[in-house]
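First chain written, first letter: the chains are A, B, C, D and E, and each begins at residue 1.
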Amino acid sequence: MQYILWPMLAFLLLYIGMAVRGPSMWDRMLGMNLASTKVILIILMVASLQDMGFLLDYAIIYALSGFIGTLFITMFWGTRKRREKEKRDGTDQ
Amino acid sequence: MLTYFVIAPIFIAVLLYLIPFFKARKALVILAQGALFLAACYLFFRTRETEIVTIVGEYSGFLGIILRADQLAAMFVGLTTLMFLIITVYSFNEQKDSRLFWFLLFIWEGAFIGLFLTRDLFNIFVLAEVSSAVAAVLLMYKRTNRSSYHGIIFLMVNVIVMQFYLLGVGYLYMLTGALDMEYSHMIVSTLDRSRLILPFALIMTAIAAKSSMLPLFTFLPKVQSIPRAPVSVAALFSALQVKSGLYLFLRFRHLFEAIDMTGIFLALGILTAVVGVAFALTQTDVKRILAYSTVAQAGLIMVGLNLEGVYAYVGSMYHIISHAISKSLLFLATGMVIRVYNTRDIGEIRGVLRSLPVVGVCIVFGILSITGAPLFGGNISKYFMMAEVNLPLFITMSFINLGTILVFIKFARILFGTPSEEVAQQQPIQVDKFKQTAIVILSALCLAGGVFGPGLVRLLFGVDATVSLGGFVEKLIILLVSWAVGLLLTKYRHLGRGGLQRVTNRLDFGFRGITVSMGAFLVLMLVLVGVLM
Amino acid sequence: MELTSNIIIIIGTVFMLFGAIGILKFRSFSLRVLIISKIDTVGAVTVVIGVALRHGISFFTLRVLLLLGILLVVNPMVTHIITRTAHVSGYNLEEDRGQDDT
Amino acid sequence: MNPIEVAAIVVFLISFYGLITGKKMIKAVVYMVLMQSAVIVFFLSIGFQSGTVPPMGAYLEYAEHIADPLPQALMITAIVVGVAVTTINITMLMAFFRKHPTTDWDEARKKSMEKEGAATLPNLESQS
Amino acid sequence: MIPNPMLYAILALWVFGAVCILRERRNVRVMIYLFIFSLLTSLAYFLLGSPDTAMAEAAIGAFTTIFFIVCFEKYEALKVDGPQPEESPAEKRPVGAWLKRVVAPLLFTAVIGALMLYFSPGGEVVDHLKSQYLTQFAQDVGGENAVTAIYLGYRVYDTLFEALLLVVTVLAVAHMSYSTSLQSTKQKRYLKPSVVEIAVVRAIAVVILLFGVYLIVNGHITAGGGFQGGLFIAAFFVCRFLIHNIHDLPVYKLLRLEEVVFASSVLIAVFVIFLGMTYHLPAEHLPMFQGVYMVIMNFMIGMKVACGFTILFYRYVTIERR
């Protein structure tokens, strides 16, 4: 069971690499979201290895807080690019 | 029992914030503050015999947080309550509407009293953070000066220094497994010295920054003199914030007894005093001159704390009290002067004695007390500090005194001469009577500190302090000589001005400079304590 | 029970492996979003089910299933939000060659 | 001197280096958050062996390595104190941007000097 | 048991995240790396055996990112001092300047690091206090979570001051933010969320609220507690903002509520812990009394943190952004 943790870590490294190097900003956000999913799986593995139920609350908390953070960064970046687009098209509502 | 000292001001603050409309709340607050001061005096006399210990929650062993009040802590608590009592009187009807100002003021008092009573390493961290955050918000309180660059630097430097402190506490916890100072002191004395060096260096950097020692002091004076910061906050800043650093120095010196550090901090104190005086001489802003002279006095107190002998310790303790009183007196008085002259440049303020007679007299009292004139508090403390000290130290300390005299001669220029026209025709200048009473009380305290000096020392510290006539006369002569030298020097001050200016420019760091000097101080400590000694 | 759960977890990891290959192969954002988010959610779900099987019927499995539910809802939704905001804010999905626009 | 402690000190030094060389004021606040996380990881790594079990739940009796609850309780307080101070910092920074639209340390210093007028020390050469 | 090399690998990744933040110039990317960094630190806390701190770090990481984003947005909108090209290609600076600006601080930090590691006290770690805590916390303070027992029972004095600091922060931000009016008139709207987004966020918001209350209520049994629960209730209000894009939060009423809750939590702590009430009660009622005390204190702290962070969030997102 432990040996599954290593590929998880490898994927986590890959997605963080994507978030760091990814060409467009949207790649970064995708990388961020997928990295947090990988981390949730790592937490799940550790919880099931140590066979403790309450560690799973943390996994759920992690998923929810990761979701809020990603949501806000996307919303912020989208608003900014939208305003630039409107300036470009000159159709500023 | 001790927790009520800390909880009481916080409760006053919360009640004040929640019940704003109550008409006589300010009077109630002064009464409560007076009661707190009396309780602090009662605590002081109780601790003369035994040390009062309260375990929060009566848990066994060293599990909970233990508040201890010995004589030193009780004295500081008394000083805090006295200062806040006078500040409440001073700003009685100044901030009528703002509930937030009063709320933060008493939270600050609770944090200070808490800081002086706890011996718990992590608790000191939390209380130091609370006091620096509240101080930052109080300084930036008025909407106009919210864009102050120095307020940001003050908060950031304090947070970074506290991270150094927390790392030091982490190492200490690793070594001793306990957070209470007395408990870890027992274990630390058994450890061998080489393992203590890193926690010692980290914690001493934090303490040096909080008590504004040499490399890390450039931000504190600037913060106190933010143009539109409430002057009562600036007075409390120099009276208590710097002193809490010195208090922590005493506590941690007791904890790290294995490492002999008097030499280092002696040199540091002297350097800070000299550089503080140099900075003060080159300033043109009235409040900045006072702020930099606080740094110089802090250096002097650090020197006093590191001298051997009971007299030096008693002298520096007494100097802490008399300096707190006289410096806050000067700050509050200059606050009133600035309000009338509405300029902060020392060149433009003249003739305070004529336009504001009472305030002028109080300022004279403050200056005489700080420079150690015979009938005032400063004299007694300086006398005891220099009582048994070898010749080279004697010369350096009298040189520092000369420096402070120089600074205050420059400051005294605002008293004489004729006030400018637009101030003259505002006669008679109606002065807020609460502020006036506050200042008069403070100057009375300065005078009382000097006149009843030996009696007070015997009362406060139980040391049979006799001011021998020979010693007194000798000190008097030195004082007169230094006053004369001071007056002479001020005549030709334009000569050395350029050089001094260059020196102070070099030492006047921005934010990055201060962080670099923090790292440099840590390296200095590690090298000096670890490698050399 | 132990063996089946291990096998299912391995299958999940293989799915994620495809996702990883997908990232290395496709350079542009639109292709990546389309393919990888689906593969990843499927891989994650299989691994979670594998872990749930490992513990049989117990409180632990109930919590794992709750986590599974949240994962199933949150993951595709975040990908949807990212793509929609990209499109709405003028990121031209059709002819993007993985150019750098920050 | 276990590797976790080394990692914590390395991140502490990275953030210290960032504070020394950083030109932007926002970045300084980011580095302070980094420094705080490093100190907390250092605290939690005290007395850590692999397979340490969190100090809660019913199995406290038979687990051999149990994590030390004291640093964890302290660190929850340290995190909340850190966030409170960072929020005040950010508010002050924003108030500063509104008045002086620059975020470079040296320019900020120059502007604040000019703003305070003659009453301050006229030394404006940039101090790195 | 998680293998040691795995833990070291994750810590290496954590350090790599810090290096990324150091090297990156553009602020937007710094925000993303900061968010990833705080998620990785949360994982590191978890693997070091403390789910409580991990939960607090995860929730606070999300909020700090939001505050940083608003601060960066304000700086971005204010870039008046000329087109200061953020991504200016590093024009050929003379090597001397580069040496002075980069290598000198690098050497300086390396020297500090070398000295710290040289002097760091090795040897075994003293932890007899830890065994005392683990054995006695059950009957002294009650509950099964040693961490909550410590910061609500043994060290409640610390927790009160820290709750006080939160109240001070909220008051300072509410007072110092640019305009005191409740509703911000001219308002830069965020993007309108799509219908799908609104439906799902509404569902997730309920789950977040449920989990917030769950953390508060049995904080003293499993991992969790007042702070983490309060943060998640505040996250529920964040989602409420996302769904309806509304700004009508009665900030000053909430401020007063937070004050009252803080004052009452101080009162309860004073009566129960400072007076050592736990020692005067008859023995058989003690566990029930302790349990009730823990839940009430957690609830108080949770409410206070929830009000505080909601006010902070609404102050930041709605009014600060103008």
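Operating definition for what follows: contacts are C-beta pairs under 8 Å (C-beta built on N, C-alpha and C of every residue); 3 or more make two chains touch, one makes a residue touch a chain.
What you are looking at is a predicted structure, and each value in this text was computed from that prediction instead of being measured.
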Touching both subunit D and subunit E we find A, B
What are the mutual neighbours of subunit B and subunit C in this structure? E
Comparing chain centres built from Cα atoms against the global Cα centre, which chain wins on proximity? D
Taking each chain's centre as the mean of its CA atoms, subunit A sits from subunit E at a distance in Å of 19
Approximately how many whole Å separate the CA-defined centres of subunit C and subunit E? 28
Averaging C-alpha coordinates per chain, one finds the centres of subunit A and subunit D separated by a number of Å equal to 23
Distance from the CA centroid of subunit C to that of subunit D, rounded to the nearest Å? 33
Which subunit B residues touch at least two other chains? 122, 126, 129, 133, 137, 140, 146, 174, 516, 519
Considering subunit C alone, which of its residues make contact with at least two other chains? 70, 74, 77, 81, 85, 88-89, 102
Which residue numbers or ranges of subunit D touch two or more of the other chains? 16, 20-21, 29, 46-47, 53-54, 56-57, 70-71, 74, 77, 81, 84-85, 88, 92-93, 95, 98, 128
Pairs of chains satisfying the touch condition: A-C, A-D, A-E, B-D, B-E, C-E, D-E
Note: in the complex, subunit A contacts subunit D through residues 50, 52, 54-55
Subunit A-facing residues of subunit D, complex: 53-54, 56-57
List of subunit E residues in touch with subunit B within their complex: 105, 108-109, 111-112, 115-116, 118-123, 125-130, 132-133, 136, 140, 153-158, 161-162, 164-165, 168-169, 171-172, 175-176, 256, 259-260, 262-263, 266, 270, 273-274, 276, 278-279
Residues of subunit E touching subunit C in the complex: 26, 28-29, 87, 191, 193-194, 196-197, 200-201, 203-204, 207
Please output the residues of subunit A touching subunit E within their complex, sorted ascending. 2, 5-6, 9, 12-13, 16, 19-20, 25, 28-29, 32, 35-36, 39, 42-43, 46, 49-50, 53-55, 57-58, 60-62, 64-73, 75-80, 82
